[in-house]
């Protein structure tokens, strides 16, 4: 029952050190950049401003990406070159193919579903009295961690044998309309859909917040003009609202696609990839760390790079416009 | 504040449109979505307040016919002293210690980088921008081992020790977590803030430069006030991401009460206890309280930031 | 796998009143003796041989968590105090993945408790483990049969001594229920099946099981298969299977799995208290046998450590609430024993690390640990009469008996991608309805080629 405050002090001290370090870094960069005289050439300033970020990116992401690519052509223990073995494995073994298939299902379902739920809800609650509250309700799941969300939904899908009292909401609903309780997460291929529902539940709040911000950015005059022209609500939505927030919709779709491709936690906490529910990131983690098949894990990671690349290119292009 | 009258008109007009758009059907639809989205969480909240044997034997909806209420689950999860039950209070402190610098650092570094990429004309600028953004595709999982190796072994090139190992022990391990989170947050941060900053009117920048202001001064006097909402938006996202992260902490902070955050604890309880719902439900809420509060408090800035920043319609 | 945890109510009690309750709650009065609980000064003479290691810290990484972990820490506390070292213990549910990450990342612990000889061998082959010192070698030779030492030996080099152990060939039942209904403990597989039929005829599902275990879901079902296979193909055949000389989809293996299926996939026999066959895959292994105490199930095959999981107040005894009998085979004269355990491997060899390693390999440590709660060690010289409950005693006797044909959990010796991956997954799929041949073909194909 006791909470030992004394034991927490070193941590808080560390926090102070951390914040101090942050201030020092900021001050150092600002001082340095101001010491260099403003001349026509910008690169000295750019170097100072960019250096900390690029340094960290190099260590934290660029080097690992290079290493992973190399590893994907090596054997499990990373001691021999294996050519394309790992890639052959990935596209020939049935269990790996299941994982690829599931990932495709996820990417096809999650971004459109999240975006449409978010969009519909954002339009519906826009400029109503309870807008802030309504948005918060949908955002709630984002504040609960993936682990927490796993708990929430394992509870929703919980199963008790027929005849016993159900403790899971879904089975209770099924039973109360005369059905038989089912083990939702154990019936492939439908179980993937039940996991997709969890992801949509988590992410819809993000879409709502972003899209409702975009909707607020539509100039009132445009809407008013359309209304005066006698546009029906449906026409108004498809001819005015949607085109005006096109780029925000694209942002949501893109971020969701990247997030879904890299999806890991939901599957891990809900099924651990059992019952044919594995996805690439999960399989990658299992292969690389649990099974000691680093090469296969790396090959899956490279596949992820390749799959995400078009999305990134699209977004960068969109920005460049 | 000059445009206030005009804006109010527009808002009234929009509201009228809105009334037309939203018949009764729309209201019902909104409520249905809201209920669908809230029910699972609500069930969890209710469950967390029920006694253990009830959670395990009956559904949470029976609470309404047979209300029995207890705070015992929370007491155990927060202050229980055995390693098997709770002790979440200490883990909460860890989460705070991890999160604050992990939000501040990438905010600052991304701001500097985004400013340089948006307003300093130098060669290769666009390539760097694309490169930084493309780094989003690196799966976190594959970056863990190399980064851990960087901390514990330092950098060795052809047998020559270029950088020493960090050898962090105890609370100092938080430093690793901060650095890791900062690395992983930068691509998105730089990109979002760059989008925002490139939309600051050029005349403002030019005027400041003509006045002889240095970059540091421009950052402080122009960029920071204008970019406030965008920083807030990115800050909130980063906060949620760090607070709710499991994997990075698991690797860099370890699993002990000394440094591990609440998510690690929650995962441990979920793992060991299997179906110990009473602890999982209350634990999930304990871990969600702070991010929820942050979101609610920051919601206004956050939406304004998104509105002004990268997602402008 | 020794994924140990404790019965829910016991944990609750411990949470409320502190750890001291943990030992007493299960009915033991054997706490508080001199070396187990004593202060630093009282029993330090026993530790004089380990030297002083003031300021030394040993980090220990292990899959043992929760109350089991608390008990370990309490057991070595006097040692730590007397030698002056600090022992940083970290138990994790993700041992298999995390140990790999930490080693690859250059941040290994000093000591790790490996439940899988296969995993230990992988690290030994990678050259990151320290071979056992002369002292540990001596202790291992003195304490364990050559079989046990073999599991931690790679290319002729011993890498660690065993720690805890468990006997897996046990079927838990309720002596009270058996007495009341007039059922007898079966001596052969046929009798076991007949008994199951008899019980099923009374309207009770005879067996209950649970194989859900987070990342490791499926392992209890692989234990079932190993246990039956060991009886079907004999110890030599079993060894061939473990080393993949006997293919995974060999007709003999298929037959053994189907023999298990006659129980585990038989809707009339399972899953007492939980529902249909499929519910086995979603029932936590810790809760698999609980219906026995509720009269909803009669039989539960699980290792000796399941003594930890019974609800508080359950008496483990031959005439008590629950007890275990040996899982019989076709031939009652052959009684091979399947078991498992952890091995202490070292990633560094500082003096304090070696001292702790030697202490853990001595007979003193298991004795100290047994005084605190249920624990089984295969070490010679450990007195079975000190066991915490009759099943532990039975297990220790089985393990110490020189005539026992003992085999280590096969999946723990296989390459991790099979033993901790494909095999677990396959058995989970199998419980969930996939046919035997398909899942075994899949496991066979997953065996690493090199």
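Letters are used for the chains, namely A, B and C, taken in the order the chains are written, and counting of residues starts over at 1 for each.
As a working rule, contacts are C-beta pairs under 8 Å (C-beta built on N, C-alpha and C of every residue); 3 or more make two chains touch, one makes a residue touch a chain.
Note that the structure is predicted; figures quoted are calculated from it, not measured.
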item: Chains contacting each of chain A and chain C, listed by label; value: B
item: Which of B-C and A-B has more C-beta contact pairs; value: A-B
item: Separation of chain B from chain C, taking each centre as the mean of its C-alpha atoms, in whole Å; value: 40
item: CA centroid of chain A to CA centroid of chain B, Å; value: 12
item: Residues of chain C engaged with two or more neighbouring chains; value: 98, 101, 214-215
item: Overlap residues in chain A, where contacts from two or more other chains coincide; value: 285, 288
item: Multi-chain contact residues (two or more partners), chain B; value: 80-81, 145-147, 267, 270
item: Chain C-facing residues of chain B, complex; value: 52, 76, 80-86, 144-149, 151-153, 165, 250-251, 254-256, 267-268, 270-276
item: Interfacial residue positions of chain C with respect to chain A in the complex; value: 96-98, 100-101, 119, 122, 125-126, 214-215, 217-218, 273-276, 278-279, 281-282, 415-417, 420-422, 425, 428-429, 432, 442, 445-446, 448, 450
item: For the chain A and chain C complex, residues of the former touching the latter; value: 75-77, 93-95, 159-162, 183, 185-186, 272, 274-276, 285-293
item: Chain B contact footprint on chain C (complex, rising order); value: 5-6, 8, 11-12, 14-16, 18-19, 22, 65-67, 69-70, 88, 90-94, 98, 101-102, 104-107, 212, 214-215, 284-287
